[in-house]
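Presented below are the structures under discussion, each in the form of structure tokens.
Presented sequentially are two complexes of chain A, the first with chain B as partner and the second with chain C.
Entry: the complex of A and B
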């Protein structure tokens, strides 16, 4: 897959887990950011075809990153991976413009199955 | 009737360890204080009922959980890996516990300290749950503190 995927999480552990699943799903081109502010800079650098982001991060949350990306007019798929599982929070994320949502903890298979949807798209 | 959280904590930890680490977790016996913690992860849940979740790991449990989560050899695990994995485990325990509580509630970012003979005090909060657990690598604990003063 030639799609460049931006992986955003303040946890290096989670970035490693997500990138491992991305590689298994066929995505080879990944870039990382440790918070939403850094992610927005990377995104504005161009060429990102999919964003996978955590919600709770320092500097700028995944929710604010989503709002900022949508405010730029981008329709890039944004996939949120978070512990925020309450219905109200999920609705908030959808209203902000996320495309997909996965709550932690998850199995590697569950994450990979979600990612394969984007690999086929 | 007073709310208890111990079975929720147990189920949450079991779910995390099974799905993310491929490890089974069981409730320990009656002596969680016997666990010699060298890594403490803390996260705060803010709202009408403010609480703090503390994950206490022995050095062995911390190393094995890091190795399993990152799919690394035990010998290659660094102290940074241990801190980062402990932070993420704490984050998942706190986040999943928050989702079971009436809101609105907010989750802090996790913090981790590592060392020997770690003391733990959360000012203005009392210990309401001390859940002793055990996995293949040994015992560990999850404590829940409830804020009693503003």
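Entry: the complex of A and C
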């Protein structure tokens, strides 16, 4: 899978868990960012075909990252992985332009199943 | 502290350990916390604000924290290092987040986690709440979750007199 995937989370542990699942789903090209501001810089560097992001992070949240990426006119799929599970928050994220949503805690199988959908796309 | 505020943290802790660590927890007897010293050496702290406010502390022993990190990362950390600190912070974050989603009526926001390591460290909860200790046991060692939440006081602004 040649798609470059940007993994955004302020927890290095969570980034490792997500990258392990990405590798298992066939994604080999991954880049990491520790917050939304760093992620936006990486994204603007070009070539990113999928973004997996946390919501609550220092400097810039995943929600603001999503709004910024959409404001640039990009249709790149943005997959949010977050503890924010309330209906109102999910609606807020959809309105900001996310493509998919998974709440923490999650099983490796649940994450894998979501990622395989993008691997086939 | 009201039971309706505590139960979501019991469910959230059980769910996070089962889902992320494949680890079943056995509940012990809850009790009121009367001192500032967490049960174990590693504490993940996270603040909650909204119609209730306070803090959650996830307290783990050194070996338990290392074992939890090993399960999450699929590799053994080299002692109580930054990977363990990060993993404990993420566990606290997930417990607080999962509990928050069951307390929708309080419109809570979760802060970013902090982690404190060291024997006999102290953590002060807000003075208007007495935290409840929720002890658990597991195959990787004991875990204690301390929850201190109180309903936020609404301060009414005095009406301005017409001049």
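Everything below uses one rule, namely that the second predicted complex is superposed on the first by the 121 of 121 C-alpha atoms of A that agree within 3 Å, B and C clash if a C-alpha of one lies under 4 Å from a C-alpha of the other, contacts with A are read in each partner's own complex, and residues count from 1 in each chain.
Following the convention adopted for this analysis, a residue touches a chain if its C-beta (ideal position, glycine included) is under 8 Å from a C-beta of that chain, and two chains touch if they have at least 3 such contacts.
Keep in mind that this is a model prediction, so the values were computed, not measured.
Partners chain B and chain C, brought together by superposition on chain A, clash. Of the two partner chains placed by superposition, chain B and chain C are both touched by A:13. By the touch criterion defined above, A:72 lies against neither chain B nor chain C after alignment on the C-alpha atoms of chain A.
Common to the chain B-facing and chain C-facing surfaces of chain A are residues 10-14, 16-17, 20, 56-58, 82-86, 104-107. The touching residues of chain B, counted against chain A in their complex, run 15-16, 19-20, 66, 69-71, 80-81, 84-85, 87-88, 91-92, 94-96, 98-99, 103-104, 107, 109. Chain A contributes residues 10-14, 16-17, 20, 56-58, 82-86, 103-107 to its touches with chain C in the complex. By the touch rule above, chain C contacts chain A in their complex via residues 15-16, 19-20, 69, 72-74, 82-83, 86-87, 89-90, 93-94, 96-98, 100-101, 104, 110, 112.
On the chain A side of its complex with chain B, the touching residues are 10-14, 16-17, 20, 56-58, 82-86, 88, 104-107.
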